[in-house]
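Listed next: structures, encoded as structure tokens.
Two complexes are shown next, each including chain A; its partner changes from chain B in the first to chain C in the second.
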Partner chain A sequence: MTLLLIVLLPLVGALLPAWFIRWGRNQSALAAGVVTGTAFALLLSLSSSVFAGEVPRADWTWMSSIGLSLAFMADGLGYLFAFLILGIGLLVVLYARYYLSEKDPMGRFYAYLLLFMGAMLGVVLADNLIVLLVFWELTSLTSFLLIGYWKHLPEGRQGARMALVVTGGGGLAMLAGFILLGNIAGTYQLSEILQMGEVIQAHDLYAPMLVLVLIGAFTKSAQFPFHFWLPHAMAAPTPVSAYLHSATMVKAGVFLLARLFPALSGTELWFFLVTGAGAATLLFAAYVALTKHDLKGLLAYSTVSHLGMITVLFGIGTAAAAVVGIFHIMNHAAFKASLFMNAGIVDHETGTRDIRRLSGLWAAMPITGVLAIIAAAAMAGVPLFNGFLSKEMFFEQAWALEYQFVEGVPWLLPAIVTLAALFSVAYSIRLVWSVFFGPQAEDLPKPPHDPPFGMLLPVGILAALCIVVGIVPVLVAGPMLAVAATATIGIAPPEYSLTLWHGFNIPLLMTALAFVGGIVAYWKRWAIIGLHEGPLPFPEAKRIFDGTIDRLAAFSHGTTAALENGSLQRYLALLVGAAVVAMGWPFLTGSWSAGPGPGTPLDGMSLVVWAILVGAAVATAALHRRRILALVVVSVVGLMLALAFVHLSAPDLALTQLSVEVVTVVLLLLALHLLPKEGPSEDSIGRKARDVGLAVAAGCAVTAMAWVILTNPVDTISGFHLAESYPGGGGTNVVNVILVDFRGFDTFGEIIVLAIAGLGIYAMIDALGVPDRWKIGSPDDEVRYPLLLTVITRLLLPLALLVSMYLFLRGHNQPGGGFIAGLVTAVALILQYVASGIGWTTDRFVRDYHGAIALGVLAAGATGLGAWLFGYPFLTGWFDYFELPIIGEFELASAVLFDIGVYLTVVAGVLLMLVNMGKIRNASAAAPDAADGEG
Partner chain B sequence: MLTFALTFGFTAMGLAMLLNIVRLVKGPDTVDRVTALDTLYINTIAVLMLVGIRIGSDIFFEAALLIAMMGFVGTVALAKHIRRGSIIE
Partner chain C sequence: MDFLVMEMLVATGVGAMAGAGVYLVLRARTYSVILGLALLGYAANTFLFASGRLSVGLAPVISDDALAYPDPLPQALVLTAIVIGFAMIAFAVVLMLRAHADLGTDHVDGPGGAGR
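Coming up: the complex of A and B.
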């Protein structure tokens, strides 16, 4: 339970800072801090059990048949990451309070931040692959919001979009990979998958699965060749970069490598893919970092490079290397978050992040300078700082490899690693020396000074951690590293020593080389930068990305335009043609033929109805350009269809058909009034021939299919419905019981669709500025509302409502129900609008149809939810019988309440659409004072 | 006797419906056609009654009731459209 709370608290608590901002910025920040702090405290309450080697779990089965369950676990690895997420999150909350300016919407910032935090916690604590993936995609979405937080900056929006496309796309690949992995392992439960490493690695699908999962991890952790989004994400506010791009989001990729380490690692393929990508990233990004003039750009590439280093470590595949990887994740989070915040301070206090303009800030910002030196030293791997320890251990691992990239060249990886470390030293020096030392800069946009204490404190805490871990690693980081490493590799980790001095050995030599070379590289940095910006061809990732997106969009547009040119005739021709082929195929191949079943006897009346039906249908097609006439003929089709339903013993269908028919006629008349009386002829002879051919073919195919199905003995589900209708749903009208009970969820969805359609039409017409009040009592009222009609329709109204109520109440047991009753009521009210006008009718009946729609949907929904109160699933029906004096025995069913919801939605939806359609013409034709303006 | 009456009734109504259709096709006016449609509605009610008598059930009487009502509304709407153009004003 605690675990679920830890994840849910930031997700739900995201509302608080957005709400508290109305009382001020401090209140908003405090709310975010309290939410984060509470989650952190909850996490710490798990410490004793985690450090004792237990794994707190929480598991709610959802759909066990497909392996879905909401499962969380806090093993050492998850605990370490949750600790980083919440601990650094707390510091970022404090930092952002001072970083964001008055103009920035702070409530929204904290809301996004907390949402992201919750998503991230979900990723690291998930015990189910699918849950992990859902939260993984959530981190992509929420980071999109955070990166694009400054909406007015085009770089921010574009960077956010790029990050979303790359990480979200990687997530899709990962989904495929996870499904493969789940199928291989036979479970989606992580803790079970981690036990099955050998089975998984021996499987045929191991290679494709691994590639797909790695695409997910590499996109997230900005590994080559997917690294390019991270530098562009630097358009985000610095607290976001400090949080997402040092400690959390980009670590999700390496987290995944660590999480799945026991299941996937150790093969040659794993080594080549993971270490290969990692090594390329490590070296390439370290080199580019030196050439960046933007403080955050430098840090972004340095982050990419360090992530490459962690990736290399996991790729090596040995337990010892994985331990070092975990250790470096901890160290990197500390010094990189601190450096990002430091860069933010410099930017905030001087107004620029350009290293070429910054110089000699030491005099104005000594505290910031000291903190920067500490964190940069850790990044460069100077002894006595935490980065030194993990880097030395890294060198040691790079030297002792199981596999080789190139046979006979064992020094290849160590050489790459040393070279990267050399660049790392050089850019670390540049970050400190070029900014804080040298001559004082003259032309800074703002006079620099140290920032407020609230901004320094988080940086200071992280810098202090860098030193403490660097000097007494065993005391501070030892226990957490031990449990996290154990959880990662699945067994007790091999011996490793967290000490400063290992004697004179190869790693020490590599360190020395890196430092000497790094200082030289810094000294000669302009030569390197010149080489980078000049003769070396360097692909501009953003241009390639934008070009690819543009080409994809153009391709989609082209394909869409080729398939869909907006012609309804074409749609229908394709649709009907495809249906004809699909239906005709089984006949042609001979697998379908007429069965032995008896035909229905033909009588004279049926023949007449059938002839009229066919004739009217043909006439509709022939007369479709004379629109009113076509409408009259189509009414004949509808009426004959109702008779056909009667003939085939489907009274519910007949009732529905009749009501829908008249509503359709009214709707079409409203629309026809806005259209010319005659349609233009647009079809060529060839096209007409094609359409006639298609129509005849479709008619024959449907007839043949109906014939086959009706004459062959088939076992349908109607038997079940007939048998279960009364005992299961409490009604004898199977059609209605299906609607409100067996398939109640469908009906619920359908009335929601109806409600949305009604509201959508209302919204569109409302935007036309249709007047809401209708004048009555103008001179031509006698023409508009003939007395005879008005009187008759008013007399008819109560009778029609009575019919409607009758149909509603009997619906559960006999033909009728909420849908038909709703249509009847709607038609009865429409009649009043037709006969007595909008003004008269709205004055006397409901004005607020959209309110009634909401009421209907809510009533149906509340009935469904009611079942929960009694411990049943959503929309479980209930009914019972009661005795009342005089009335006698009667039935009460929850389905009736649900049906009331259907009824209300239908009435209000239909009226909202029709009445607002009617208003359009009146508004356009007759402005209030042009009372005789009749078109 | 009843069988004979029913047969006669069905024959007469079938004939009547066909004649409705003839008027509906011939016109010549839209008003003629709408009136033909309205009469078709009424004749359909009679057919439903006959069906009810034949199978000895009242299950289709609601359908007949609805036809009566809906046919009226449809006719009113068409008439209003012919006379005024806008049916809801």
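Coming up: the complex of A and C.
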């Protein structure tokens, strides 16, 4: 529980500083501090068990079927990182309070910071690959917010975007790698995966999996060639840089190397990839750091270089090297966070970070100067400071290599390492000497002085740690290193000695070389910088990145423009073409073929109906511009279909089709009243030919598919429905029983769709504002209705209603039912509208179709709910038979109630649609044809 | 294999309706598209209905002297599909009318669509 709280507290607590800012900046900072501090205290409460070698765990099964659980564990490694994240986080919260100016929205800053903190904690405490990945991507997202915090600065926005693209993209590669890893290991549980190193490394997919996972780690930890985002992320406020680039964000990559160390490390491939990338980064970034004039730029490249060093250590793959890697992670976090904050102080108090302008600050900022010297000495690896210890151990490991990059050149890596250390010494000197000593700068934007205590305190604490660890390492860092190293390697770490003096040996010689060379390099720095800025060709990563992004965007724009020119006709043609290809493919490859078929015999009548149907369908297409005629022809298709349903044993369908045909014709006639009666002739021959081709292809594909289906045997589930219809559903019309009982929930949904369509039509006509071209209302005063039709329909109405009642009541046992009866009633009522006008009809019949629709849906729903009263699931049907004198035996079924709901909804929905359409008039009598003049 | 059977009539009938429907929905004017939708609806309904296979002279009504029954499930599905199909057509029709009234044209691509 504690573990979950540690992760959740910053994530949820992120709201607090954003809320407290209304009471002031101190309150907001305090809220952030309290949240961080509480999480820190919770972490410390786990200390005793972690140091005793236990692993506190928390596990909530999430989706067990795919091995997903919300699992956290605090082993030594996770504990160490969580300690760094929360400890340095606390210092950054304090520092940022004084660093941010009045204009900066502080509440938002702390909210982002806490969100990021929670995401980082999730990464380092996760015990499940997928959970780790989710938090990993969260760190990419939240760091995007932090880096782009000063959104008025274009560099901030661009730097944030670049960081997101690179680290987020790496995260995607890592997701693929994790899925492979999970498949190889058969589990996503980290603690299990870590036990399976041999199985994983022997697997065929080890190599691709490793490459994908490493892309994730390298992008995050800014390893060459993915390093370029980190210097651009320096556009962030300095507290962000101090946090992200010392202890957290960029350390996530090396954390991953450490986390998966037992599972992935030790192979030759691992060595070449990891040590190779690390060594290249180490040397290249150390050299570039010396040539940077921006304080934060220098620190950024130095960070990249030190991450390279840690990567090299994990790449070496031995337990001893991994121990050193962990140790340097701790040391680097301390001195780099301190240095970033220091750079922020100089920037804050002088107004510039340009090393060329800064000089002789010692006189004005002595305390800042002392702290800078301490941290820079640690970075350079001066004895008595923490950096010296890990660097010395690093040299020792680089010397004792198992593999070699180039056969016969065992000194290659030691040489690279020494050279990098040399540059490291040089840039550390530049960072201190050029800034704090020498002649006092005259033209600084602000008169420099030491900052407020609140800004110095965090720097001081970290600097003190650098010294204490440097002098008494065993006492201060020993226990933490021991548990973290044990957790990383998976077994007790080999002997290592955290002492200052190891005697005269090769590492000492390398150190000496580095120092002498570093001083010379600093002395000759302008020659190096001149070389760097002048003759040496140096690719500008940002330009390449921007160019790539621009080309990608241009490619996407081009592709989109080529496919989408804004014409719906074209999209539809592409869609139909694609569908035809998809349908045709199985035929061409032979996976679909016709079966023996039952071969239902033909008769003459069927042939006639078929001929009329096909002819009418084709004629509709051919005559579509003569709109009224096309309507008549298309209704012939519908009528033939109804006849076909009669013949093919589907009386219910025939009845439905027939009545729907009537309302459809009325609907389209109403529409034609408002549209031109004649379509324009505008299609080119080519367009027509293309569409005929598509239509024929689609028709053939559908025919072939139907033929294949009809001639192959069927395996239907309808046996159940036929068997249970009468005993279980109380009706003999199986179709109706399926609708109102077996699949009542479907039907319920369908009448709701009908209701929504009716209401939507009403909204489009009336409720959303009437277009200028329309006027809504009854034309009764203008029109004379044909007397004969009026008289006949009035006589027919009771008859038609009787028929619909009959169809409704017998529906459960004979063809009929709510849908059909509803349609028949609707047709009968529409006839009244047609023959007698809206005014007359509305006065005499229902006015409120909205209410009727609601009533229908509610009735059907209430029937369903009624089943609950008797303890059955929603829409369970009930029926029984009763005996009454005179009438005899009769049946009562809940399905009848449900069918009443269907009936009401259908009647009211259809009428709502048609009656509202019937009310539309053209505002000007001549409008319909004139309006379309351009077509 | 015998091609002169009821199955062939149904298959070609469905194909003819679908083909005519496709041709119509590819036209430039909304009214033609609506006719095409109606035809495609017929084709889809018949296709779905045919998935229960064909039978002549039966009814899905339980009785003691019925020897066999047609498959009732596709029939139930198609019954609601016909009604929903009508609702969809009606909605599309009103959409078409509204677009015509608001845009002044019944071209599917709106004003300027006739030029493409």
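Operating definition for what follows: the second predicted complex is superposed on the first by the 586 of 935 C-alpha atoms of A that agree within 3 Å, B and C clash if a C-alpha of one lies under 4 Å from a C-alpha of the other, contacts with A are read in each partner's own complex, and residues count from 1 in each chain.
Everything that follows uses one rule, which is that a residue touches a chain if its C-beta (ideal position, glycine included) is under 8 Å from a C-beta of that chain, and two chains touch if they have at least 3 such contacts.
Every value quoted in this text rests on a predicted model; they were computed, and no experiment measured them.
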{"item": "Which superposed partner A:Val409 touches (first chain B, second chain C, both, neither)", "value": "neither"}
{"item": "Chain B versus chain C as contact partner of A:Leu669, first or second or both or neither", "value": "first"}
{"item": "First (chain B), second (chain C), both or neither touched by A:Pro598", "value": "second"}
{"item": "First (chain B), second (chain C), both or neither touched by A:Tyr833", "value": "first"}
{"item": "Comparison of chain B and chain C by chain A residues contacted", "value": "C"}
{"item": "Partner chain in contact with A:Val696 - chain B first, chain C second, else both or neither", "value": "second"}
{"item": "Chain B versus chain C as contact partner of A:Ala757, first or second or both or neither", "value": "second"}
{"item": "Partner chain in contact with A:Pro651 - chain B first, chain C second, else both or neither", "value": "both"}
{"item": "A:Leu629 touches, of chain B and chain C: first, second, both or neither?", "value": "first"}
{"item": "Partner chain(s) touched by A:Pro815 [first = chain B, second = chain C, both, neither]", "value": "both"}
{"item": "Doubly contacted residues of chain A, that is, touched by chain B and again by chain C", "value": "631, 647, 651, 672, 814-815, 914, 917, 934-935"}
{"item": "Sites on chain B touched by chain A in the complex", "value": "10-11, 13-14, 17-18, 21, 24-25, 30, 33-34, 37, 40-41, 44, 47-48, 51, 59-60, 62-63, 65-67, 69-70, 72-74, 76-78, 80-82, 84-89"}
{"item": "Partner chain A, residues of chain C touching it in the complex", "value": "1-2, 4-29, 31-32, 34-35, 38-39, 42-43, 45-47, 49-63, 69-73, 75-76, 78-80, 82-91, 93-98, 100-102, 104-109, 111, 113-114, 116"}
{"item": "Chain A residues within the chain B interface of the complex", "value": "603-605, 608-609, 611-612, 615-616, 619, 628-629, 631-633, 635-636, 639, 642-643, 646-647, 651, 654-655, 658-659, 661-662, 665-666, 669-670, 672-673, 783-784, 789, 793, 796, 800, 803, 807, 814-816, 824, 827-828, 830-831, 833-835, 837-838, 914-915, 917-919, 921-922, 925-926, 934-935"}
{"item": "Complex interface listing, chain A residues touching chain C", "value": "565-569, 572-573, 576, 594, 596-602, 606-607, 610, 613-614, 617-618, 620-621, 624-625, 627, 630-631, 634, 637-638, 641, 644-645, 647-653, 656-657, 660, 663-664, 667-668, 671-672, 674-676, 679-680, 682-683, 691-692, 694-696, 698-707, 709-711, 714, 716-718, 721-722, 725-726, 732-736, 738-739, 743, 746-747, 750, 753-754, 757-758, 760-761, 764-765, 771-774, 813-815, 819, 823, 906, 909-910, 913-914, 917, 920, 931-932, 934-935"}
